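Should a chain be cited, it is by its letter among A, B, C and D, assigned in written order, with residues numbered from 1 in that chain.
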Amino acid sequence: MDNAILLISCPDRKGITATITNFIFHNNGNIEHADQHIDFQTNTFFMRIEWSLKDFTIPRENIRKKFNAIAEEFKMDYALYFSAQTPRVAIFTSRLTHCLYDLLLRYKEGQFKYSIPLIISNHPTASEIANSFGINFHEIPKTKENKREVENKEIELLKKENIDLIVLARYGQIFTGEFVKEFPNRIINIHHSFLPAFVGKSPYEQAYSRGVKIIGATSHYVTEELDAGPIIEQDTVRVSHRDSLADLKIKGQDLEKIVLSRAVRWHLEHKILTYHNKTVVFD
Amino acid sequence: MDNAILLISCPDRKGITATITNFIFHNNGNIEHADQHIDFQTNTFFMRIEWSLKDFTIPRENIRKKFNAIAEEFKMDYALYFSAQTPRVAIFTSRLTHCLYDLLLRYKEGQFKYSIPLIISNHPTASEIANSFGINFHEIPKTKENKREVENKEIELLKKENIDLIVLARYGQIFTGEFVKEFPNRIINIHHSFLPAFVGKSPYEQAYSRGVKIIGATSHYVTEELDAGPIIEQDTVRVSHRDSLADLKIKGQDLEKIVLSRAVRWHLEHKILTYHNKTVVFD
Amino acid sequence: MDNAILLISCPDRKGITATITNFIFHNNGNIEHADQHIDFQTNTFFMRIEWSLKDFTIPRENIRKKFNAIAEEFKMDYALYFSAQTPRVAIFTSRLTHCLYDLLLRYKEGQFKYSIPLIISNHPTASEIANSFGINFHEIPKTKENKREVENKEIELLKKENIDLIVLARYGQIFTGEFVKEFPNRIINIHHSFLPAFVGKSPYEQAYSRGVKIIGATSHYVTEELDAGPIIEQDTVRVSHRDSLADLKIKGQDLEKIVLSRAVRWHLEHKILTYHNKTVVFD
Amino acid sequence: MDNAILLISCPDRKGITATITNFIFHNNGNIEHADQHIDFQTNTFFMRIEWSLKDFTIPRENIRKKFNAIAEEFKMDYALYFSAQTPRVAIFTSRLTHCLYDLLLRYKEGQFKYSIPLIISNHPTASEIANSFGINFHEIPKTKENKREVENKEIELLKKENIDLIVLARYGQIFTGEFVKEFPNRIINIHHSFLPAFVGKSPYEQAYSRGVKIIGATSHYVTEELDAGPIIEQDTVRVSHRDSLADLKIKGQDLEKIVLSRAVRWHLEHKILTYHNKTVVFD
């Protein structure tokens, strides 16, 4: 599979789809997926279009240049991706390793194509797991005092490895706004509640104490405000008065793994657009 | 079916279940359902036990007196109900009538046994519906200024009709603490969100604006604090960026009907105990 | 809203989307929704495209003629609809009226736009309901012996009323292949199980007896083979050993209403394509 | 925690619960969980009762003998378990190792207490995984011809290790009736469909071909008839026309892991009773 993928957003007006599909067709591309959405409240047009580069007459390094004329005409924000390019993912984790394990097993089973050049943790717990999958492990502890300093070291490391996506697999630490700004819409977190309920610390304890009958998990892009970034995916599971706090955690962790893995998969397949702190997830 | 039902809570200690079941057995009752739960955090024992009054040697009017000795010994809070007694339900509604219709249709289909002596609304919308089901309709408008006065009229009406349960079927008005105190654990509300997310006004608008991927509905007992009473039941449904606010409402209203009807059914079957602002729902 | 909608399927090849969107753009139409899908197993292209007729330069009565050239070139099967045209729905029902009621209430609440010229039943039960909503009611009993004869009467009635869609709201009777052939992909049935489990009679009894932990409901287009047509929508709900057969029915009926109403809505919004006994449902 | 657990079934009659709870109370046991269920169709009484052995006056080795008098009086089938006794689980697997991995990770995380003395597979794939968790691995290939012979070897191995539960984690091989008879209600299988839909080979392919909108997974006790034993747990997930067969497998495998792990957990916590090819699962 050797495809190009365009993710586009722009003010809606006549002719956008025709212009884009003509661009592909007249250069001999075969469209494999095309999905569009119009937000009528804000008159915004969104599109994900994927076409085969087999027989496509524009060399991949020139596509961007050629497409720019269209993008300018329609005032588009756009991103161009190639399916042949394997995304590079860094995983941040901490003591709880179920999400890390889950991502590594999906990686090993070939569920989705990416490489994992490094795993970062503020605890040594995941070291052995990283080794058993042959992945570089960096133990980088953080304190309130040295946070910015340590983050700069992390940023350096991530840039050196050309990381496309940072996945927070129950990392537990909060990044500064400076760190977040370096990777806009490129940090995915799993929060172990049905956001916006139970923001912040100990969501299972909060849920248990409130006596909810359903618990959830939420994957979202990280923004400067805690647990308030664009939601990518959520799922829920039923609980009852019989479920202890420990039961909530067991049930919830099963959700966390699935909800995080879906977000990672969709991001790496370039299916997600963000706007107004929300996501469009093309399926 | 002519059964007695006991709902019991007390500090846990040895011998509670044996004592209760002996009481029933030695008076020749046949236990049809028995369910217990211990909250180990607070060392509290909860039980729902239901037995057939056929052959039971204590006349129903004396059961309470006889059981009091046990209740005192174990410092029990308890309530005694008889399945032969049809609960009397008052429905409060407003302009949106889907929940009202749903309850009336279940009533008509005989899904659960109760009588509905009256429907109260602050708008005339439901009047025709009430009439078509042969139920008394009271239009009682409210303003901020006359709220307490009007509530007193409502209380009088409800007491005169010996109402066992008040169901707020998208009533929309907030009761004062004085009103709520008159009917502890006897007012069930449906809130059109997955509580504690989106408390208060316009939860669908809030959900739409936050960009959640799942919406919910919550039925709960009304307490003095808005949307903060013990949760009885919740359910959720998936939404996407394609769902407009109107779609959210359509999907959500289907949930509301189901989630409210389950809470009403369980309450009328005497399956719900409350403690620490949570519910034990015996199934 | 005055839109045109095209539902298209054809063998996949280069240029389909470009050609269709050009057709709309060059005639000054504004695309509001466009969704496509390629089944790579069978190399089949599917599309739903909806555009505003405001400013569209081809009068609606000529669109078909103009589009035919494109359709022929790409060997398309296609259907053209206009949102301004209110679909005409006939409901068939029997003794159990919960699905009928549900459709009528959604109709009354304006959830989706259609007219219901007639309700047909083999029992008188629904007569009063039909009257209360001001809809013509035809009681048409059937026996094995007179089935074909009666069906011919029904066909005549349906054709006279220009019925676009027949909804079987727990009708219970099986149509002959002759009847079904008159309305290909225009009869929607609700089956009260998670098909293909529990085909045919008494699915709740079958589910109860098998001891499943989840029950379902399925809406599908009716084909000559019983309960084997293209599935449009399914949903499920959890049950336990505590649920009696009567409980299964109560839970299941809530599903039936939702699952049927979704299928009807999507059909009337022209969102469903069928192929190889499956459906593509554009959302 | 040092508890005793009784799982009981018998014909229903007056006094069962009183007699059992008296037995525990008069011997100074503290009941921690008690759950009962009556199947009114068959007049069968089911109970799970768990009590603390701290201060219990009957030594554990004599409980059975003492309880036998009660069991005989009420014609009970019963089983007695001790929470202090760690169940011994054998896992059978094959080429697909996601369920195996899932069980091993839950085991490692201490989600539920059991020991895994051995893993058996007809392929070498899982060998390395077993080693990395420090568990004995037996590669035992099977052919149609040598099946009974090989099974006898397996039975010998399992009996030697005092195996309490056999878990088929996508084992793929069918056991003979002779094997199954050796372990009644002690073999749990995960079937990758929503049973009874899609029995037998390639359920995902069957589901894909039928065009269902929801797929499922089912854990059940193995009986002589293929995929027809008592269902313990099921769960489902939504799919659409966009999901390829490979997508169905990814979504389904997430279900398989959860649905199998729940069944294993409940079995090991002695929460499951079977009757009439169904299960009572006390929560």
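We adopt the following convention: a contact is a pair of C-beta atoms (placed from the backbone, for glycine too) under 8 Å apart; a residue touches a chain by one contact, two chains touch by 3 or more.
In this text the structure is predicted, and so the values were computed from the model without any measurement.
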Could you label the chain A-chain B interface same or different, taking same to mean over half of its residue numbers are used by both chains?
-> same
Which chain lies the greatest distance away from chain D when centres are computed from Cα atoms alone?
-> C
Measure off the straight-line distance from the CA centroid of chain A to the CA centroid of chain C, and report it in whole Å.
-> 37
When the centre of a chain is set as the mean of its C-alpha atoms, what distance in Å lies between chain C and chain D?
-> 42
Chain B, residues touching no fewer than two other chains = 240, 242
Where on chain B does chain C make contact in their complex?
-> 98, 101, 105, 109, 111, 132, 240, 242, 250, 254, 257-258, 283
Contacts from chain D onto chain C in the complex sit at residues 37, 39-40, 194-198, 210-214, 216, 230-236, 240-242, 244, 276-281
In the complex, chain A touches chain C at residues 12-19, 21-22, 24-26, 28-36, 38, 238
